[in-house]
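What follows is a set of structures for review.
The following pair of complexes shares a single chain, subunit A, combined with subunit B in the former and subunit C in the latter.
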Partner chain A sequence: MNIVVLLAIAAGLIALRFLKPNSLAWSSATWVAVYVFLRYGVVPPVPASVLTMFMFIITLSLAVYLTTTEDRLKEVSNAFVSFFTDKKYTIPLVVALIGLPFIVAFRVYQNLTQLPDPPVVGRTIHPPPPATITFKGRQVDLVDEDNPYRELETSDPTAFAEHVSNGRLVYYQNCVKCHGDNMVGDGLFARGFNPIPANFQDPTTIAMLQESYLFWRIAKGAPGLPVESTPWSSAMPAWETFLSEEDIWDVILFMYDFTDQRPRAKEVHE
Partner chain B sequence: MPETRLRKLFNPWKSSSVNERPWEPTELRPRNRHPFRLCYLPICAAILLAVAIVGILALPAGASPQEALQDAANPDYRPFPIVGSRVAMWVVAQLHLMFAAFVLAVPMFALIIEIIGYVTKDKRYDDLAYEFTKLLSVSFSFTATLGAMLTFMLFILYPRVATYMVSIFSWTFFPYVFLFFLEALFLYSYYYGWGKFSPKVHLALGVCLNIVGTAIMFIADAWLTFMNTPNGISETGALVSLPDAINNFIWMPINIHRLIANMAFGGSIAAAYGAYKFLGAKTEEEKAHYDWMGYIGNFIAISALLPLPFAGYYLGKEIYAYSQSLGITLMGGTFSWLFIIQAILIGNLFLAANYYLWVSMERIEGAERFRRFIKYLLASVTITFIVWATPHSLVATVEEARQMGGAHHPMLGVLGVMSAKNTAVNVMILTTYISFLLYRRGNKEAIVPWAKTGNRVQFAIFAVTILFVIFLGVYGYFVEARVRIALSVPQVLAVLTAMISVTAIDIFMFKNAKKTGEIKWGQMPDRAQYALFFIALTFAWTMGLMGYVRAGMRQHWHVFGVLQDTSPDAFTPTLGFASNVISVTVLIFFLFISIVFWLSGLSGKKPWEPKAVDAVRSAESVGTERAVEAPE
Partner chain C sequence: MRILACMMALVIPVFSVAAQNVDLGTDEQREAGRVVYEAKCAHCHGSDGVPRPTVASVFRPAPRNFTTGTFKFRTTASGELPTDEDIRNSIRNGMPYTAMPPWPSLSNADVTNLMYHIKTFSSDFSGPFGEVTALEMPSPPSMTDESIARGREVYETNQCSDCHGNRGLGDGPSAPTLEDRWGYPIRAADMTKRWTFRGGGTREDIYQTFTTGLDGSPMPSFEISPTEDQWALVDYVYSLSRDEPNYATMVTAHATTRTMDLSQESFADIEPAYFPVVGQIIEPGRAFFPGVNGVDVRAVYNDEHISIMLQWHDMAAETSGSNAPDLIAPGALDADSDSTLVFSDAVAIQFPTVLSAGTEMPYFIFGDRKLSTDIWFADLAGSGARHYVGKGASNMSEEGPELDVSASFQEGEWTVIFRRARNEEAHIAFEEGTFVPIAFSIWDGFSRERGNKRGLTSWAYLYMDVAVKESPVLPMMAYGFATLLLGLVVTFVTRKKVHGARASSDDKRGEEA
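And now, the complex of A and B:
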């Protein structure tokens, strides 16, 4: 969050309070304040698609605010009428009438002169997994099979720790360049890719997935993604050619261990 | 054990190897062996007309005779002109669903209102219940016709799917038809028998009508839920156990979700009817009456809306339990975008519902004192709305994604997950409930000696509940996924407990309360009526959307994991296209329902009489005839 912007907005709103504005002016000011906050106050910036949606909601609720009681509705319509008819508002009226088209024109200009961007796609990060995959000739059942070393966590903590430390090795030898030291997806190469490598600290990646899902994603990488998820272009390599099955299960253990997350358990019916 | 084993054997995710094991018609089609083909004859007889129409439309345009013969021999699919089979089925199925929802819901609340009238001896309620019931008979015929159309289109356009479904569910068609018959019997005796029986007998008819209606829905739900989460079948897809096929993973969740959603939908349509009559009312009495009707309809809709999210999460959980793949498609995959649209629609519903209540307070003398709370309630609805609609993975340009460091925004990402959304919904529900509480108190003042304490206790209950709900929401970020999901249960229970206990206190506190003013029924601004239209429209759209989600999440399967969709339509349409189809469906629905409103209004119109001018003219003509005759 950008504190400077936040303070500026707060100061502006407080200053406005002293002018004793009517409901309409006050609501417009609120609208602008929210917009400025979302646009410039949040770091990193809120994507345009979300900004539009939020502003839509804000607009709706301000409309609700202005029309719930008869008194306020009257106040608003009077304000409108007097803005257009009252002599005292001539200058603001002229400014508004000239200014609004100008702003629109400016936006059009901005849009047209922007550097070309690839089209925005609603990409699905987690496509449905297949039921089974073949890993080096062996059939792996993604529905029922779980990490075979997970149970060691309780039954044999020393053996478990060994697996985790092997996982650490695997991670730092293979994955760190993309997924980063802290697993937030900011490795050395990360910036070169689109989509950028997954951030494992994020509660919406590995924390909401089952271990077998990760096994699939690591073993098969981007090339193994199903048809449903085309078009897809991710740099995630298919690790089945480089790593053993044990290595993959180990690195999964390590990923959860390092990020302090728990894998999603299987659901049971009823 | 058999369920999961079966499911596993019977891999739902053959998608990557679909071509290895195509569907084998000979294996599954017990056509000639099947003893129950007669079962759908009764339906056929009733609605031959629909078949004829559909049949003519479905003839492949311009096919040569040989092609037609070949096709006729054993087609998997038949094309539908212009819009294609999928869209045709989609629209008809959705229209049928909407009408069915309405037809099932109206008896539910008509009965409840009738009971209220019976208990309070207030004639107004009885009249209102009758007025709602009047909407039924025409809608019933519409529903049946659309249902027939749906059935025949299924058989004509998707013969392979239809045959397979019959092979599984043949036994359920008999009771279905029989129940349908009973439904007609009870519906018409309930409607035409109004005031003709002793109230108790009439109420009993209403109860039977509702039981039968619900049973019909349960059967139909078995068919459609089976398509999503097939159960009780062998590896080849043949039926092993009909009870298991019926009681598949999402059968009960959908039954419940639909039962409640139908009620909400029906209420909103009835409210829209009230609004429509209100806007056209000529006299003050009419205005007062329809204002009240709109209010009651809306009250029903909102009461049913409050528990819906809970039912929805139960449904979602069972989908996940059936298959992670389906669950991910739904919530984290392609269809998650539709849930963002759903969140916006439902946020709008809540906002509009609150708006209606707030505007309604304008017509209550004494409610002015609550005006100052509206601001805060509105703020609460807005914030929760925003949280609820915040997407989980964002639509972002490459530049934006780079800045965010992924598809998840560090701040918004926090709002995009289940914990935040559950919390938001719960707070939204509580807020709406508070709006309603204030509305109820508008013109009343508690005179019991403990009123002050009572208010404080109620306030404390709200405060504790909201804090508890928010606490659980935040706590959810620190625990594993399954625990997090389970946390929604105590959240829901807390909210329900709060609502029940506050209501209980309120009832006692406002017993014999002092009336500080009148409710001036009829003195309602028009914009509140438009809010009712908006609510009905949004409900219909939500239904269309979710119907699409339910069917669409199977992607390239007719029966998920069992019967593959090999038609040219086996792809997921774009969001824009889907929205257009839904919008057109909703428009058609409102066109039809307007016809229903108009038809049901006819009986109340004055009998036809020749117009004054005509009367004179006919008198004249009679006169001239006589005049001509006279000389003879």
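And now, the complex of A and C:
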């Protein structure tokens, strides 16, 4: 998200509020604000096809908003009528009548000469995990099993610290090139991958996942993903080929420790 | 050594007066710095300032060893310690394209405390050498075509090309022999990729880099006079590179009616798409520091053939030995078993063997069991092109349609052109107006890359541009006039309605009266 753009939009809308605009002006301003935000305020940029879809929905809802009450409808139609008939609007009207065709022609030109955008494939970032996986021949029950070293946090802090410290080693030897030093997904190789490596500081990743879910993602990597998560394009390695079970649980401990987050608790079963 | 120590003993008392001015921070500051260091830096730089071998082995350049008091990025003269501000800047800005990250999230106080802690690792900081002053930088004159041309001469007379190469691609005659002070091989910077400069890519930064040198690396400091020549050299180096890498996600194959003869002429006037190449660290045989970091791609097609040209920078062409995409590479942390084997440079383009009807694609590392990839492979030792079908990195077979290839190496740059018939049964077809997934792999023989040990890209798209483009003039006019007409109609209808309404209300009023 681009904070500068966001602030500029907010400032613009607040300034407009002071001018006491009518519903039509206010709705148009909202439309422009949403467009500017989606177009320039989001990193990485929203694909053009998605943008068109969003703007279509926004246009529709604003139209509904403007036509729901009689007063608002009147306000809008009066504004239109006076633009087309009032003497004081003659010059803007002529400018609009002549200018619009040129804008349209220019858009047509752009559309016909621009290269089309590559197809975007949506992907589910957090698909439901399988109930069990096989890790080097052992069945791991993802529903009931939990990080076996998590309890050391209270029962034996020294041993816990050792596991975290091993996790740190594992992370910096294996994960840092993609997920980055600050765990925001901007490692040295991140620029080469699409989708980009996960950002663990983001509250919507590991903070809302269970440790067993992470175990599955780390052990099985991209090849373990279902089709809706585009396993063919994700660079996340299947770490079962490189790491032991303990290493994986340790690196999970380290990821929470480093980002100051807590894993989502397991639901209690009867 | 002993003599030096004796001399020091004589000299130190004299200097220790001056050394009192050295700012080493307070105990609290150093302790606070240590705490942050343990949490954020120790895993790379080591708790005692010596990087741990297990971690250092996956990074090139390796994390700095702070006990030697050697620093690359300084505003001070060669061989001197950096200023406090230099260290702070290094921490805050990091070093792009190395493992050393920028730390924008740390507070100013944290950065200062870290700086004091780093100074505890080398006794030089508290000794007579601790007191340093930054070199002054004369203000830069403006950059002109003449200064750039003059800079080229300065570049030659100072033998920058000895390491950096004639065109600055990092391919000078000495380049393959370079090692840093800690015994690791190191590459001379590629001047055409200014965004990878760790000391920064502005003109002032480049000035500082060659006047102070990068201590610990073979990059020397240069004393060049007069000052105009220093800035001319800066301007020349600056002019070699664009500002941003502009990484692409799509390359367009342009339609042509010419025949395709595997020469560079077929690609004249076509802008390349530049793709980032990163190490394959997903399957065993990982390449933590690949030799190549980007590839320029151009494509053209005619009725019969499609041709794709790849270009990348390499400090030397390895054309002896051999290479293949399915050779077994040693683990990143294992010793390379047979050092008598020699590996040549090699390159591959990858496509899905067939486009599936849905969105599904083969795995980007040489396919998977369900969906395979076509791999156009060229061993640049001169054995021509080979076509592989990949069903996973460890499940590849040499089969498929005929491929032609030409390859040449010139002044630090490989140019490889592949050609295939556009339509081949049971293999990827290149139809006009379609998007075809494409990916690249590059093996640097010098770094002993082979098989899985290589640089790669993820899936990108090759767009088969349409051959005959509709002229936009007619549709433009049609839509323009339609809009004008619509506007006029709306205006007249509205006006008429309103006048009508006014007239009738006037009538009514008249009747009432």
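The rule we apply is simple: the second predicted complex is superposed on the first by the 163 of 270 C-alpha atoms of A that agree within 3 Å, B and C clash if a C-alpha of one lies under 4 Å from a C-alpha of the other, contacts with A are read in each partner's own complex, and residues count from 1 in each chain.
By definition in this document, a contact is a pair of C-beta atoms (placed from the backbone, for glycine too) under 8 Å apart; a residue touches a chain by one contact, two chains touch by 3 or more.
Not measured: the values here are computed from a predicted model.
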Which superposed partner A:Asn194 touches (first subunit B, second subunit C, both, neither): both
Contacts of A:Thr204 with subunit B and subunit C, given as first, second, both or neither: first
First (subunit B), second (subunit C), both or neither touched by A:Ser27: neither
First, second, both or neither for A:Asn182, with subunit B first and subunit C second: second
First (subunit B), second (subunit C), both or neither touched by A:Thr132: first
Which of subunit B and subunit C A:Thr259 touches, first, second, both or neither: neither
Subunit B versus subunit C as contact partner of A:Val42, first or second or both or neither: first
First, second, both or neither for A:Asn166, with subunit B first and subunit C second: neither
Overlap of subunit C and subunit B interfaces on subunit A (superposed complexes): 118, 121, 186, 191, 194, 227
List of subunit A residues in touch with subunit B within their complex: 1, 42, 44-50, 53-54, 56-58, 60-61, 64-65, 67-70, 117-118, 120-132, 141-144, 184-186, 191, 194-196, 198-199, 202-204, 207-208, 210, 213, 226-228, 261-265, 267-269
For the subunit B and subunit A complex, residues of the former touching the latter: 3-4, 7-8, 11-17, 249, 317-318, 320-326, 328-329, 332-334, 336-337, 344, 347-348, 351, 354-355, 358-359, 362, 371, 374-375, 378, 381-382, 385-386, 389-413, 416-417, 477, 479-482, 525, 527, 555, 572, 575
For the subunit C and subunit A complex, residues of the former touching the latter: 40, 43-44, 52, 54-55, 58, 97-99, 101, 103, 105, 247, 249-250, 252, 276-279, 281-284, 288, 359-364, 368, 371, 435, 456-461, 463, 465, 469-470, 472, 475-477, 479-481, 483-484, 487-488, 490-491, 494-495, 498
In the complex, subunit A residues that touch subunit C: 80-81, 84-85, 93, 96-98, 100-102, 104-106, 108-109, 112-113, 115-116, 118-119, 121, 168-169, 171-174, 176-178, 180-182, 186, 188-189, 191-194, 221-223, 227, 230-233, 235-237, 241-242
